[in-house]
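Here the structure comes first, spelled out in structure tokens, and everything after it is commentary.
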Amino acid sequence: AAKCIKGDRKAPYTIGWANIYSVPTWMKQTQGTIEAEVETLKKQGLVDKLVVTDAQGDANVQIQQIQSMIDSDVDAIILIAGSSTAPARVIADACAKGIAIINFDSLVDTDQVTAKVNTDSSQWGDQAAKFLIDAIGGKGKILILNGPAGVSVSDDRRKGADAELKAHPDVTVLAETNTPYNVAPAQEAVTSLLFANPEIDGILSLGGALSAGAVLALDKQGRDQVPITGENARQFLELWKEKGLKSWATMQPNWLGAFAAYTAVQALEGKDVPAFVKIPLPVIDNSNIDEYLARAKDFPADGYIYSPYDEELFKKLLAQK
Amino acid sequence: MAPLLAARGVSKSFFGNPVLRDVSIALQPGRVHALLGENGAGKSTLINLLSGALRPDGGTIEVDGRAVARMTPALARQAGIAVVQQELSLTASLSIAENIGLGAYPKRFGLVDYSALAARAKAACELVGLHEPLSTPVGQLPLGRRQMVEIAKALYRKPRVLILDEPTSSLSATETKILTDLLERLRSEGIAILYISHRLNEVMKLCHHVTVLKDGICTADRSLEGTDAAGLVRLMVGRDPGDLFPQWRPSPSPATAISVRDFSAGLMRDVDLDIRTGEVLGIGGLVGQGQEDLLLGLYGAIPARTASATVNGAPGLPGGVPRANALGLAYVPADRKREGLHLIHTITTNMMLPAFARLPALKLRSRRAERETARGLATQLGIKGDLARQAQALSGGNQQKVALAKWMPHDPLVLLLNDPTRGVDVETKREIYLMLRAFAAAGKAVVLLSSDTPELVHLCERVAVVREGRIAAMLERAALSEEAIVSAAMGAENRKVAA
Amino acid sequence: MTGWKDSAGGRRVMAILSSRPFLTVAIVAAVWIAASFASRGFGAYGHLRYLVELGAVIGLVAAGQTFVVIAGGIDLSVAAIVTVSAISLPLLSWQADPTGLAPVLAVLALTTIIGLVNGLGVALLRVHPMIMTLAMATFLQGLLIIIAGGSAVTAENPLVHWLGNARPAGIPAGVLLWVAVSMIVLTVMHATPFGARIFAMGANPLAAALSGVPVTSTTLAVYGISGFTSGLAGVLVLGMNGQGYVGIGDPYLLASIAAVVLGGTSILGGLGTYAGTIPGAILLVTITALITVVNASPGWRSILFGSLILGLLLLSGREQARR
Amino acid sequence: MSTVSSARPAGALYWPVQARRNIGVRSLFLVVLAFLIAYGFLFPGLFSASGFAKFTQSWFPLALVAMAQAILMLTGGISLAIGPTVSLGAVIAATTMAGPLGVTGGAAAVALTGLGIGAATGFIVVRLRLPAIVVTLAGSFIIGGAALLILPRPGGAIPEWLSDLLAGDTPTAFVLLVAIVLLWKLYLATPLGLSLYAAGENPVGAYRSGVPVDAARVAAYAISGLLSTGAGLFVAAQTGSGDPVIGAAFTLNSIAAAVLGGIGFLGGQGTMRGALAGSLLLSLMISVMFFLGFTPVAQYVAQGLIIIGAVAIPQFRKVQ
């Protein structure tokens, strides 16, 4: 059996979904995929209840809520961690109690989990840097936009870009900035940077809605658009099309949530699941952006257009070694 | 013999305005020294210099005949100087005992020694006749009792020099008696006492020596031997005084302004009361029997119930302050700092507030008109000071005048006054009394809650004496005397009625 | 020679020169001049214009906040209200109204009502303003879960777009809006009885009530105003970003409070002016912009930001002693 | 012993004073008690040693920051830097304790940092007469920046035994909390501690009475800093590591807990027991709502209602 699993849990299972913050749109969409998956599993008689908590962004509250899940003896916990270190101990407790734990998106530095499910943040940064350096012809001046400081995901993505940047000494980093993964602060920061730096050849944006903010800033200041990296935020993809950008985007698929729920049940059912399921980073470029935009109306205006998924995909992902 | 505490030629100015000029004073052991002067003459400033709360611009402070380089509150305490400020230094959330010991707690192992504190605080309380449990938070005490705590706090420190700044202004007659007896005893034990008061009969009874300040200059420093009250006033104002109380004349054809039946509010229970136009109705009694709740209930500031009521012709109680104002009621609180004034705002703004409260919310203000109104009021009531300054820079008496003045432009039909002459100098008192009588003569009603019994006797048509939340006696003009009020307040009247 | 300082006019000039709003303006100017030497492009007209435009959003939120703080309260729900405004406006973009005014008015009505509910809690339930508005912010989070992402409509509102992007006579429409709001706010605050009541309530609520100030309705109005200006800020920020999102209002909570206090308004209530908040808001965006272009690690940038605020506060911020 | 009137022994002053201070927070106590009972009912495991241990562990850091905020508010101050100070405490603990300094050295470093930051803040606020709210707002960026410099991303480590001691299955946190409350009572029984109230409510009067007002206020800031970094140390132990932004939510929560507990903004109003009850309510609420099966939307709405209710209900009673 998989890690943390003890034989005495029987279907239908109760799944706890320890969300860190349910208000942001990305989280809402993710929750949507989890709920849809749970509905499916309910029909199969495998799940009877989904318990949802919302830590309101506070890692300490999340610990308390996971503790409550342990206390109420849920069968599985799926979680996005509010801190890459903080929940480690409570998760180890849960694991010791035989609760299946599937950690996705923001990961915890502990191996006391059934499985971790995520894309590779470091690869994220590396590929983004590759594209950008390519797009500006191997030399030039760039800005780097990154998510909040002190958080593992943004730090990993940034570190992932380091090797490429080092390998190209002709690429000068004019400035780096950290803001929340949101449009307004990114737009603000980039505008200031635009004034301070008359020549900019490219923008290495490491996620979320940062890219949309940067594009808006260039547009509003009447500057020519430059090559830029990004994620599958709907606003960014629409701007990309509208402005004819030279861009590349990847994504953190929202269906990681659905997949985590699926994996939890598989593990509880006695299947072996890999300790780490690496989700390949889907790439959006000019070749397939239209496919994404064609589905745009199914997604919230400030949401993320994620790639399609189904059980086949999940099975394939679980089967990989 | 060297004076225990003395000031030699001290001067002090605030923002360039001289408040004290070359003033000297010497406090001798075993003597009660009066410090007199009109509001704003500089009395409080002088004691602040003596006690180290303020530093003089020039001159020296001497303790036991030796000049002190730099007087501070800490040094003053070490030298055995204690100051009774008017409820200024108390902390509402601390208990009586904790307040009394504040800044000088007895210690054991570095901790406050609560048993020693209790014993010493109790002794101090007994001296001033405070019998509330020592654990009572001071915030729950009425003003007069707080004043007694403040005095007990000074005594707790076993002072050699005791300075009292208007200690009696919020005390009832009984409490005043306790205090004067106490001071007499302390004096005989060799303590030097500096006593500030605007109640001249107290000064006459108690004090032996007087220093008079006028506009920051010492105009007299002499023995009180052979001086009468009129002489004192002459020293203070520099001319012959008139009678303190105006001639009483019956007002014409009274009608009912306010009438309540079975009225209850706060401590007050089942009150039947008619307030007539053209009269000054006094409210007397020991402090804290519910008198204030009666006024506040009528004014709509605290919830009140009544069987039936009419207020200036309208049925029912106002139920809220704006409505009460609209019905022509105005209220002047006793605790001017907390309830009457906006200390951080200018005097002009303070005076205009009732107008702001009733004008249409978005009508444009006219600063010029406001300044003129304020200037008019200041002249009318003799308020000294730059009207564009914050109200907290005014001396206590002048603050009181501002609290009263702000209602004048609104020509209220009924004035509810809560101890309006507290801390007010004799001249101003006279002016206020004249105003009140004139007000009544103009066919309006005045309700005067006062702790100053002579005031009630000389000004009022009738006095309602309140005891334990009920009107214990309603004394008509013919029956008015200080003795009658005091005995009704103590419950003597009740027994007579019951018998 | 006693000099002109002692003449009446001279004294007034001195009073203005030493007032907090003026000091804050002077500091903003000094920071701008220093920054334009230190950092290329900082002094460019376009950049300053952009900073003022950013300041407009903070300034609008801080307008309501100034009223509330002067009245002796505080509004911790402004960020959530900005977000609610920016999120719900696209949901309302109905076709019938070609100008886009109707949905904007509807959203402003909504946010004003939210503010009024804050006021009700503070005035009638006597809940501490901090608790009431914090609880309101929590409520609104719940509301956002329900309404956010509920529809795929983008903000195709012409009025909103105009506000966020147009530059009549070279001046951003948002700045014009801010100027208009500022003039109204300053007038209401300093030239009407309503304004005087607010100052009185903040300085001494008990004395104000006993002087006949209608405390309940004034409190309601103050929080209503805060809801309204936050809603307006939400509309503006929506226009500037072309898209609302959850969290769009988050930066404005601390920023509005900081702008108010940097502008010299006492957090204890009763003293202050919006005239100080205006440069306070611009000062904040200026410092933020300055920090952005400094190339340092996040930790150092944060330290620099805090030190700058502290340093500027030392220049201007002595709190008046009060009893 | 002599007269009847002095029948109440003088030594019995301390307890009546304490009892009087409960009056303002009685209804909050009732609300908290109701929640505790509900919690015990929904989750009987609470009464086991480890259940109780976990429960106090999740409350403990919030209790400390509520105290840290309350002590400032009692002096008429406030801090917006509590959260970053907690983070700083956590990263210092996580970078020193498993290193050369060891647990003792690390704890000393944490304590000294807290005291130092607090005293410095207090000095700026008190001696330079700057408004506490902006000073601490600026301080929050400086302190938060320092935490990021020490630990740019979550990491570090706390010795396993310490984590187990503080946040294992034994109620050490509860014992610690009791000890801290006793220390607080002890401090309040010192002249300097008792002056807090006077210095907060009536600084001028207190000064004239000989209270070292400035010292009392600076000391309050120092103690507040110590409590905050202490909370950070505990969080680090609880999580076994450091996180430079772990404390972010504590700033607002500490204020909410203190105000909920009846601490006023003008200084001198309220009691520490109220602030503790406020923090307990905030913490309990989370678990109780979980066991009642609330959805996130319901959690937000209920949380708002509970907070308002806990403050408004006593008001209603007062009016009637």
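Labels for the chains are A, B, C and D, by order of writing; each one numbers its residues from 1.
Note that in this section a contact is a pair of C-beta atoms (placed from the backbone, for glycine too) under 8 Å apart; a residue touches a chain by one contact, two chains touch by 3 or more.
Per UniProt, the chains are B = ABC transporter related protein; C = Sugar ABC transporter, permease protein; D = Autoinducer 2 import system permease protein LsrD.
Being a predicted model, the structure only gives us computed values, none of them experimental.
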Identity of the chain that, by mean CA position, is farthest from chain B: A
Euclidean distance of C-alpha centroids - chain B vs chain C, Å: 43
Separation of mean Cα positions, chain C and chain A [Å, integer]: 34
Whole-Å gap separating chain A and chain B, where each centre is the average of the chain's CA atoms: 70
Centroid spacing, where centroids are CA-atom means, of chain B and chain D in whole angstrom: 42
Per-residue overlap in chain A, given as positions that touch at least 2 other chains: 22, 56, 149-150
Where chain D touches two or more other chains, by residue: 147-148, 152, 202, 204, 296, 299-300
For chain C, residues that touch 2 or more chains besides their own: 141, 145, 298-299, 301-302, 323
All touching chain pairs, where touch follows the definition stated at the start: A-C, A-D, B-C, B-D, C-D
Complex contacts: residues of chain D adjacent to chain C: 80, 124, 128-131, 133-135, 137-149, 152, 202-204, 252, 255-256, 259-260, 265-266, 296-301, 303-305, 307-308, 311-312, 315-316
Chain A partner contacts - residues on chain D that touch it in the complex: 43, 45, 51, 54, 58, 61-62, 147-148, 151-156, 163, 167, 235, 238-246, 248-250, 253, 283, 286-287, 290-291, 293, 295-296, 299-300
Residue ranges of chain C touching chain D (in the complex, touch as defined): 76, 121, 125-128, 130-132, 134-136, 138-139, 141-142, 145-146, 254, 257-258, 261-262, 266-268, 297-307, 309-310, 313-314, 317-319, 321, 323
Residue numbers on chain D that touch chain B, as the complex places them: 6, 8, 10-14, 16-17, 19-20, 186, 189-191, 194-195, 197-198, 201-202, 204-211, 268-270, 319
Complex interface listing, chain A residues touching chain C: 22-25, 28-29, 56, 149-150, 174-178, 180, 182-185, 187-189, 191-198, 209, 212-213, 216, 220-221, 235, 296-303
